[in-house]
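Okay, so chain A shows up in both of these, paired with chain B first and chain C after.
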Partner chain A sequence: MDMKRSYYDDVRLFSSGVTVFWFVALMAFLFFYPFVFTNYYVYMANYIAINIIVVVGLNLLVGYTGQISLGHAGFYAIGAYATITLMTVAHFPFLAALVCAGLIAAVFGFLLGLPALRLEGPYLAIATLGFGLTITTVIGRIEMLGGRQGLHAPDLVIMGHHLTSDRQFYYLAVTITVLLVLLARNITKTKVGRAFIAIRDAHIAAETMGVNLVLYKTMAFALSAFYAGVAGGLYAFVLRFIEPELFNLFLSVFFLTMAVAGGLGSVMGPIAGAIVLSFLDLQLRNILSIPYIGDWLRDLSASYFSLTGVSNIQFVIFGSILIAIMLFEPLGLYGLWIRMKKYWKPWPF
Partner chain B sequence: MTFFAVSGLTMAFGGLRAADDVSFEVVKGEIYAIIGPNGAGKTTIFNCINGIYPPTEGKIIFKDKNIRGHSPDRVAKAGIARTFQNIELFSNMNTMENIMLGRHLFMKTGLFRGALMWGKKSFAGKEEIENRRKVEEIIDLLELQSFRNKIVGALPYGIQKKIELGRALAAEPELLLLDEPCAGMNAEEKQDVVFWIKDIQDELGITILLIEHDMNMVMDISDRILVINFGRQIAEGRPDQVSVHPEVLKAYLGAEEEVDGQNQVSSSQKQA
Partner chain C sequence: MKNTLLAVLMGALLVLGFAPAGHAEVGVTDTEIHIGQWSPQTGPAAPWGAVARGTDAYFKWINANGGIHGRKLIHHYFDDAYNPAKTIAGVKQLQEQTGMFAWVSGVGTACGLAVKDYLMERQIPWVGPSAGSRHWVTPPQKHLFNVYPLYLGDAQLLTEYAVTEMDKKRIAVVYQEDDYGKQGLEGARHVLEQHGMELAAKVPVSISDTDMRPHTMKLRQAKADAVLVFVTPGHVARLLGTGKAMNYEPQWMSTTTCGDFPLMIAITKGLYEGVITASFGMAQPTGNVGGIEHINNPKNKLMAKYKTEVYDAYAADDERWGYTFTTGIGLAEPLVEAIRRAGRDLTREKLVAELEKMENFQGLMGRITYGPYDPDDPLCRIGQQEIFLQQCTADGGSKILTDWQKTEFIPMSE
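Right after this comes the complex of A and B.
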């Protein structure tokens, strides 16, 4: 039941025993996942976990504070490069390097937040876009960071354990993801999160109620960049090799697409968006190897579109998903979930 | 001690003087109303007090300190809260959370303590409970219980106005600026608002600075009234003094001589 007995129930992490049950079930599923699925799906889970971190962070900025960013690939790149460099050059242990990389990204986020104080809508989009494009160009010119050649990730050692396989990395990535998601959820329910939403919905009223716009807007940028930075650091160890070209404009757009498809302004929505779209992103790359359908698509593309077009089919699908969401359910997958819950609530009557 | 005083306040938008050398003083505990025809510059004065506009000239004294040019959040911190003529609620939050934002200045939970909220005993948890209890008192006072968990964007206009009042009260201000609290309400709702404003003055001891168009209401509850027209103040005094003041009658019922054409145009632009 939804009966509230104390004021804390409004912000409680688990609103009822049922939620606790589902949370435990989810944790158990995550724990046994690598035992059940093949290596490829474990790799996929790592990829999804990292995208969840970015998108949850991005959502704090776009969905909650109402500031758009087309430059998150830049923070992601900063996180990836900073983690590797801190480990190889300064000999930081991995976790320390990861946190520091997140903080470095946060500093850049703070700096990008300063011009954002005076920019809104499309102008902010262009400013952040410029940042995302610039950062990879700059990185590509720095010799210490491998320039255009890229960088190899060092061995990953955590408290004496060498993590060499995707399976071992999985537990690290999932732990960090669950932790960061819980922190984000708490932030959205307390003072800072309310101030973010207030800025999004009516910034003048927020200000007259005592919300310091400069502080909270830059905080949103820094926080969001921190998440992207940590995710970037993890991503470097999923790929084991990074180069500036990886962090292109499309990646920024992909992050934003996941957030929008999942549902801006909720914590669970972007997670769903990240899972579905990351899954599609990896699966659709292999669409040509599916019997019959692959051949049919190849023929279709060769006769009507282009010879090589099918290899980029995920972009076509993402585009269609975005259009469908804007048309039918602006709240994304989360909105769909809410509707389903409402529909089934009186079941079986 | 000067509780609240505005002296020589001028706000110029280019050549247009939306507020022109306005001076008045509000005594602690009273209800002070600003009236005037549409576009007279009433809301501009509020925006200057709040720090939304930087005044061109003049002083705004609050508790012996000049707060002119302070940013809106600093003005709020000093103890001035307000409501808006066109409702400015956080339309995707529920009533509780909207009013909770009024508690913003009283809460110390930052990013880290908020993120690490773990259970009722944690710092953030305790603070949430304590402030939600305070908000509940305001919800009770304004009889908003049935809208407690409703998203405010979809609520009726009158209720939204009330929630905005509640949010301002949650900030526990010493001076409350009400910008047309009765706009768009029916007679019954207006009665309620008058009642609450009286309550706020009597029971909470909050000084109220008010803008209103409804003359019956203004004459009824105000201790003193300032009348402005085209940005300039034309009269000040008790309701009975103001209601017979020749300048006021001229402004409201029409002038015998021609009013300066340029002024008329510019004041209507300002309102837009």
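Right after this comes the complex of A and C.
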């Protein structure tokens, strides 16, 4: 949007004092959030923060590098299982286990990146889909990982402090989220990020220009998997109990949906996507308890559909919102934001 | 246009965010008692949603008959789509914004385990998780009362019956690779050991398996003459169909989960006739061994009463009268009974005390007994340990094979 005059303008974290101001305001808001909102909304914030991590990572792969993944629930599962196992079996402290779990997921991401060198579009989608489905089946067969019976998370202790409440977990999750988002933002501005974008826009041209496709494609997969792995590790402590069935295809699709609806190829887009869609995911079940609208939907269902299936209305609404976003703004929520910014730019004149 | 869309979107989000406003302390007012429940109304586990709708109709019926000590039961149930992250969200929201006095049922082991600590730390009573898992009583929790009988018991009773009553020599187990299947395997082994026998075969089934021929081959090779099947109703139907096609027809036996005979007869196209399953009630076997019960035309008086007074009056038109729906009633009965016994001056402490005093309480299910809380004794919270066996008739009726039989609790091997 803003005119950039030099390379350093482009890589700067904050483009102006205004951005610094808003960033500080956001941090202050995040800091005071648990004191303002009830525990339920703090839990929701934790859920959203974890989804943000996954989607920002996924966006590095899908939005920046132009690859696709329908198997991110697999990396998420690896992160969750690795974190718990490293803590309970190898007695790692939580943060070390979390980082290692991210790295383990990254190794799997690297491996999945290898076939991706030869696959594109729908073929790559199927390959990653296969990966996502296989991982949960494999985990389900390993006794040490609890098999299909699942695993309990141990107590969450960080430097001697037991984290038991949603509020305590909030500060952990949000700190990690902010750090990883800043990292993602910086990556996109470096040589690596530019290589990703070059591959996305025209991989043959990129290779001609000297971008090492093998290196950067696998790196994009590994980075993206690292994010999913870390998020998975946090998720395990939100649920306190995990089993392979949780990491299903629907979850992978949901991650991708959040990235696309938010707006691919930007850092803010996926964040917006994760916030709005996670919120809807948790809140739409209340749709029937909204005054008037809920009763109306119930009547509608009783007259024309099945009353026992009335809960499915939430998916109809969810789908409609997605269609509306994509129809009116193919760039996703981020596109809406850009449009609004443009509209108000000459204000008050 | 675009700005309007944005405004509508934002408006909708705001409405959603602040819709359910809260009141009332710990869920009991002069006129109301708030009870929470989660269940999958959507997604792959949606058929289990009938449990919550059964409870809902049951509460409506209680309210229409004057409630309990002048208070109405306000039932809050929400759809978690069998996703624990949503279970946590819904439980926290209802508990913190509306305030539940207690929780009832709740489908799914993973969903229940995700909120167990939350409810127990806050000392909120939770009665009758809708899943036969040993997690509920390992270790026992002061405020968590199990009702659903464990699949361990199904396996014990089926094996015992096959060996002693039917003189079967080679028992095999087909099991799903999860807690449900594992309990089946453990229970069968336990009984066979007592008879100095061994399993003829154990055949695992993956949830994603569709071709049952390899499984049937293994069973046939092992010459199993009775097969205990601990899988989903869909897999049972496939297994029976494949067995029939391959001319392999042992005595099939299965669990309470596959005990909805009219449904099973329909999905197996009649092949379910003669299959023996465990049952946790819904019929009264005492004095009726050898008799035939039919869920659509129940002889059991309590069942008949619920069918006309609860189901016919309060269930939605497209609701199916079946075991899932009635399970929703059966799991809630002990809670309702304890609330009734606790009297007008209702507190959580009193409720727990009344539940602990409960001895051989019988509603739709087997007899339920709890005891004073002992952190080392799972039996003080296990509730129901009795089941009986039934055999499917050609029209989906249940021929009662045994009276109530007490089963043994085998601790989890970790």
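Basically, the second predicted complex is superposed on the first by the 313 of 349 C-alpha atoms of A that agree within 3 Å, B and C clash if a C-alpha of one lies under 4 Å from a C-alpha of the other, contacts with A are read in each partner's own complex, and residues count from 1 in each chain.
FYI, contacts are C-beta pairs under 8 Å (C-beta built on N, C-alpha and C of every residue); 3 or more make two chains touch, one makes a residue touch a chain.
What you are looking at is a predicted structure, and each value in this text was computed from that prediction instead of being measured.
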Discussion item. With both complexes overlaid on chain A, does A:D281 touch chain B (first), chain C (second), both or neither?
Written reply: second
Fill in: Which of chain B and chain C A:R240 touches, first, second, both or neither
second
Worksheet item: Between chain B (first) and chain C (second), which does A:L183 come into contact with in this model arrangement: first, second, both, or neither?
Response: first
Worksheet item: Touching A:G210, do we find chain B (first), chain C (second), both, or neither?
Response: first
Discussion item. In this superposition, which partner touches a larger number of chain A residues, chain B or chain C?
Written reply: C
Worksheet item: So, A:V24: does it touch chain B (first), chain C (second), both, or neither?
Response: neither
Worksheet item: Just chain B (first), just chain C (second), both, or neither: which does A:A96 touch?
Response: neither
Worksheet item: Which partner does A:L114 reach: the first (chain B), the second (chain C), both, or neither?
Response: neither
Practice prompt. Return first, second, both or neither, reflecting whether A:A324 touches chain B, chain C, both chains, or no partner chain.
Written response: second
Worksheet entry | Of chain B, residues touching chain A in the complex | 50, 52, 71-73, 75-77, 81-82, 84, 88-93, 96-97, 100-102, 104-105, 107, 109-111, 114-118, 120, 124-125, 127-129, 132-133, 136, 167-168, 171
Worksheet item: For the complex, which residues does chain A have touching chain C?
Response: 38-40, 43-44, 47, 137, 140-141, 147-150, 152, 166, 235, 238-243, 245-246, 276, 279-287, 289-291, 293, 302, 306-312, 314-315, 321, 324, 328-329, 336, 339-340, 343
Practice prompt. Flag every residue of chain A that touches chain B in the complex, lowest number first.
Written response: 6-8, 10-11, 13, 183-184, 186-187, 189-195, 197-198, 200-202, 204-213, 219, 223, 265
Worksheet entry | chain C residues touching chain A - in the complex, by the definition given at the top | 1-3, 5-6, 9, 13, 15-17, 19-20, 41-42, 49-50, 53, 78-81, 83-86, 88-90, 92-93, 96-97, 109-110, 113-114, 117, 176-179, 182, 206-208, 316-319
